[in-house]
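Below you'll find a set of structures to go through.
Across the two complexes that follow, chain A remains constant while its partner is chain B and subsequently chain C.
Moving on to the complex of A and B:
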């Protein structure tokens, strides 16, 4: 069913992006902003890697290029087509992510149609899937990330595709896309268990148990990943790329600032404790995968949302593009919003950091009237906002489940125990 | 009677001494000392000291290929090059910048500000550790921070820094390159002072006790516009066919002094320049000569005492007469004095520019990114081939795809017509620098601009220098070219003329650009504890809250529980 929204939103989003791509001051400025691009997603660095690759200099034996070999091949093909190809691909991919969110929302709503609900929810219609797409496509963070030509967009595409395909019960291709996402930026590997939950919970042919499904999916995932890694080895001719891409992500060799918490922490860290804290920080990104999958196993799509939120806080090189994916997935579980307690605070923290991050960056790097602490403070506020939002969400889902299970407690004061 | 045995004892001693004597005498060490003085066009005065020690390479021990006996050749140097399997070594300490546009080309070729070390090392499994050990050893020997030339500063030039030894010819270095590799490192920040000069003087056979080296007065030598001190070790051929080789150690000190600064006149004497006179030649020297490159107009000056010999316009390329003082013929102390027949020196408004020179500068602003541009000037009427070498430390991340080579004012010339060959080694963080080398063909009468962009790296706080806000020094670009001998590189031909060597018609010239200062973004150095605390607080808030939510369940509030308890209590009290 094509509504008016459906006809309007994708073309509008596409045209908006194409227009922004054609304003060079905006596109060029965004391509170098630390908030939007990171050393592992920068298009300028990709261009350098591509230039080295095409001039038969080993592209991974340097401190500049840290992106996956498939991107080299993809952009090698794109640049040979036409100068218009790259903006069209970026705008198209972003619009397609919007469409994938529509599919995810529709599937989720269909699966939840018969799920137990609160009394108040019974009269309310769930969110229009195209509103979810619009919230993603016209989110300023999404637009900034897209126009900056950050290669993170391909990771985001792979993540939403894997979720959409998992909801459709297609284990092989869901695992294909999550393997692509893991291959491109490592962290999405943590989504794999939650995807298995989705597949086994809502598969139309519900003849396989969770254990069987997990075994099969793990096999697909490992097989796809091995295929990608081996074909990359064949493409670039050596295993150097492993250290240059995943090594950089794990060991944090490039300390260029971003919106995350790693860079300043490891600039300032004492050398003796650097490795210890690297392990601790990287562990934090993955530590809640199992607990979430167990505790909130009834809402696996929600687990995906929370994990993508955790990635956008705790990956080593986060950017606003990660937050864009997280915030884009958020409205899929719109029924939780009424439980959110910190909405106003979180909104303000986002706005506050969005306004002050470019100013403080300018004060530190260009004006010289501020120092590194200014920008660091803003990243801290931004991450505090994201952490509060995550806490709020997890609280909301648990509290709602409690209320559904215990309708008699509604109206009474409920506490943690 | 013991005295009866004396003649036989002497005979025995003589017999024992004979082979040693013959062995020593078979080793043909030779030592030459030279001082070249040349008034420069802007009133400055160039004083170039050169001490050459030659040792017969036949003196090699047959067994292990090492020098076993040392005469005039300094043992400390001999052992270093033996132990580290060095074929050729060039170490230069420079303070100040050589002004190519005012002074022409320098006599000593290496002139990059700071300490520059490059060596051809014999190919070996342990070449890397040999190089590391060499820098550390030289660091100890010359009291310099050469040990900081580690992997992050060492490069292997492919086109520049060819061997200078053996055939003495730039184009015929294949034989020298066989089984050897070059290593190059520069410390642009290094200061040069007395503590480096003292060990350098100790390598001379006469130290600074006799000969020309007595003039090396540190107080005066460092009070100059430019100062450079070097040792060059290279194998040289003894004959045309190069059947036998010698090892040559050339020690140089080059100073550009400024007599005009003190008196307004260009007059100078040894005592005014160095505060000393030359008492005598070094007794072990084969040749000990002071050479003065005279102005072409004879009525302009007086030179006392008068010279022993004069070489006038012998070679086509030398337009000026050369006065030579042979120190071994002088019994009196020599206090050379030159007086100009003029009042105050008036600075020339225009200087004759050298044929090829270059300038390097930074572009851009802010601590985030920037660019480097090198302008290469060719003042000749014909196109000129040059080799361009630039080693940029890893903390400036060059983007090769932004490299642009253009001729200023001549936009129609294509980049590919200028760049004949390009060699690029990208940097790896914390382990090696970028090396950019190009063969360029400079169009006639042109300024060629080589520009490239870079990102500045955010360093860990422990990687910054103690004076972090001063910035980091970035070494010079080096341009190597083969030029016909001419007026702007007169000085280097002079010594060869004086020593009756063949003066080559084309000469290998190295032009060093300025060193640059790159200011990198700095963290707040007082913040480690604060950052650890604040970041960990956010992480702990995240972990603690989520953990809390996941492991605890919900329940209705205390009130209702209390009510239930009260009810229970009532029941109990009732029942009792």
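Moving on to the complex of A and C:
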């Protein structure tokens, strides 16, 4: 299955990450960059919580640490092993995400083998699964996010595992992983309906209906989540962690800048409107789940891709690691690329925001000649790029479905009404 | 209802599909045909725009924006008595000025202590011209003002050696007499730091680093370094020799093209104009013979502008004060131009008044200088160009590149599938671009650039093989090694893009590669111009047209011509040309570049190696693909 070139991809990716971890200037700089780490994924803040935890002080009392209790346990074990353990785990997990993407691509291609296709697609081979992995593993955003030791990587791992297991028809463990992802960073809960669609669509042995499947999966999801929350309560000894983790995500108590839309808006906001707009902003992130799951139900993996894009734009503390997951999942549906129209523009927007975000941050924080508007302007550019990409993708999937359903209209003018 | 009816009405008026497609195709053809010329036009619009900036219609008079400053509104106390003190200091400085660094610093230390300052001597180690360890001594004192809480301070500094190469005798004498005056008055709400630096740039950098806790390698005469609060503003006095001065020159450009808040310059100028009444100018230009005709005034403004652009583009601080900007300290150097003619010269009295009145204004500051501009050009000491006026040319340069890049990206290698179409164009396109080869070219050249950067850096001594680093030979070896690496990278890139591929693909490849290179250049020009406008503008000015013209041709002479053009634009040759123009040797130019990188932390070297050169290398591939 693996070609000779493909064999090289995982070790190369792994070694590249280990090398970067061992260049202190790069690793230390990245660990503090606001574009890469956020208050809820920062490794620096995690070590603070860890120190308190290991010294039997309630870790959530300090107002700095906002991450899930399981991460405390995991890293408490890792730090006791050896100082090498943490880089190896990060590099290993990232490489494993690459492998999970291979599995997802293979399963998706198998499932779509007999699906209706366009005439032109019949002689074209689908993308090599290992290319998908390479595109994820050598994406600069992925590498930056990994080397910054952002704990978002565990959320991303859980998301891809849940998708892979859903494609294999394993409802219980798929729900286990999506529950982990939701437990770690809340927003992935919105992927649950799309996963149910995947399970019920492509599992031949499972002859239950969608409703039955949904009911069972919801039960598994809630049960896993309850299990995690209760065991966390036992681990840290109080329910305070709920407010410190999910409270921060939902109420935006930490206004450290990031690449998202929330921070600037809520810095400027008058207090009396804050609650209203919090509800509006948070609902906005979730509101796309139902329409996407209904309109594009034939392509549930695609729904996952779009939703992960939505998360990387609309969540309260996004970072480039979210975009890395979104861009990593994107090539799974490579047949849509020929419909994409904004490739050049979107690439340029990503590049410009990558170049200008550090520059504007420098002007604001170090040189003192700029201000917060500079950096916020560039996060708008970055998110404009992502939104355009999403629009383009959704257009592509709808237009392709239309072309497949109406082959006689190909090459004729279609009027959208 | 109405909307539907309107829609129907418009739908009926639409022309038949075939006609519309024909129109669209024509339009696209026209665009494709004219965009290269339009983009060249944009470039020239940009150039003309830049040349218009010095014209008085395109710049405005400066004004003091921060109300708290109230420049030239105070009674000054610097009197004949203080002039006598300064004269006495001058004689005593002349006695010690030729002695060792240590005794010079000791002298300042004693005087400051006597004046009631909390004084100290800083022994620092730094790197000299050939990057060996070198030592230096700074002396400084802090006046903890009775009404200050020690959180804010003002800095008055002077180097031992002036920018003219003479000893800064009058400057230091004036500073010491001012120190006595400052101590005498009680209205200070900020601490005052007096600093006399050894060896100008290095001494200033060492002191700033130490004050802000960046390096811990210095030794002090006291147990710890005396400190005050955050420095709000700094004035650096540079008055060489012992004679009188005909005019006051202002140097304000910092490292990496950073500028101090315009209000600081405005304050000094206002004080110089009304309180001290001395002629003033920017840099070392003529302040006495004011331009009479509009042409003269335009040329004088252009001279000021090009001076600033030169300092900024090289990233080189125009004076010691420029180093302070990186620590969020707004700072300028005031320099006395020694009197030569019959114009009424000025001496200690008016120098003292100038600095005293300026410090009184700065003392009024309630918060950090922020009201006025940080992005500006000065066409003379009293007129400025704001960012809204000077930014468009660079945006035009970037647009010019992006437009061409777009045309190349969307133009297919063969035009036939465009002509064959009869119906509406397909919603999808199955043509694939060979991005892999183009990306590998860019990755190769960037890796080469990074490698060159690591080799050229002064810290790199070929693995300890060279005992005395950075002699002339080493510089030449480093330069030739860099050129070798660049040449190898170009050869590799050419083989990457042209091996094992059909003619058509190679044709397609060069379009994609050139498109990527132009887009990348536009990105570099646009983004660098935001931190260092002059560098972006200069880069845009020199590369836009040559880069646009590059394309593969079958004719050998044309190919060679293009290669020569790229070689002229490559950093090594550019450096050589700059060095020749400023009548120095290329080795000296490299040394200045390396010193700036090592001591002052100027980014130009990194920018040249990792952003500018790789694109230049990649474009060779377009010619030889």
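Remarks
Keep in mind that, in the parts below, the second predicted complex is superposed on the first by the 415 of 417 C-alpha atoms of A that agree within 3 Å, B and C clash if a C-alpha of one lies under 4 Å from a C-alpha of the other, contacts with A are read in each partner's own complex, and residues count from 1 in each chain.
Definition applied: a residue touches a chain if its C-beta (ideal position, glycine included) is under 8 Å from a C-beta of that chain, and two chains touch if they have at least 3 such contacts.
This structure is a prediction, so every number in the text was calculated from the model and none was measured.
Contacts of A:22 after superposition on the shared chain: neither chain B nor chain C is touched.
Greater residue coverage of chain A by touch, when chain B is weighed against chain C, goes to B.
Once chain A of one complex is fitted onto chain A of the other, the partner contacts of A:76 are absent, as it touches neither chain B nor chain C. Once the two complexes are laid over each other on the shared chain, residue contacts for A:32 go to chain B alone; chain C is not touched. By the touch criterion defined above, A:356 lies against chain C but remains apart from chain B after alignment on the C-alpha atoms of chain A.
Using the contact criterion defined above for the overlaid structures, shared-chain residue A:383 touches chain B, although it does not reach chain C. In the superposed model, A:412 makes contact with both chain B and chain C.
With both structures placed on the common chain, the touch criterion links A:400 to chain C but leaves chain B unconnected. When the two complexes are overlaid on their common chain A, residue A:3 makes contact with neither chain B nor chain C. When the two complexes are overlaid on their common chain A, residue A:238 makes contact with neither chain B nor chain C. 366, 399, 412-414 are the residues of chain A that lie in the contact sets of both chain B and chain C, per the superposition on chain A. If you check the complex, the residues on chain B that touch chain A are 365-369, 394, 397, 399-401, 424, 426-430, 455, 457-462, 521-524, 527-528, 531-532, 534-535, 538-539, 541-543, 545-550, 552-560. Residue ranges on chain A touching chain C, taken from their complex, read 118, 120, 124, 338-339, 344, 348, 351-352, 355-356, 359-360, 362-363, 366-370, 399-400, 403, 410-414.
Partner chain B is touched in their complex by these residues of chain A: 32, 44, 47-48, 50-52, 55, 57, 61-64, 253-257, 261, 263-271, 281, 284, 287-288, 291-292, 295, 313-314, 364-366, 371-373, 376, 380, 383-384, 387, 390-391, 394-395, 398-399, 402, 409, 412-417.
Of all residues in chain C, only 17, 258-259, 325-326, 328, 368, 370, 374-375, 402, 406, 409-410, 423-424, 426-430, 519, 523-524, 526-527, 530-531 touch chain A in the complex they form.
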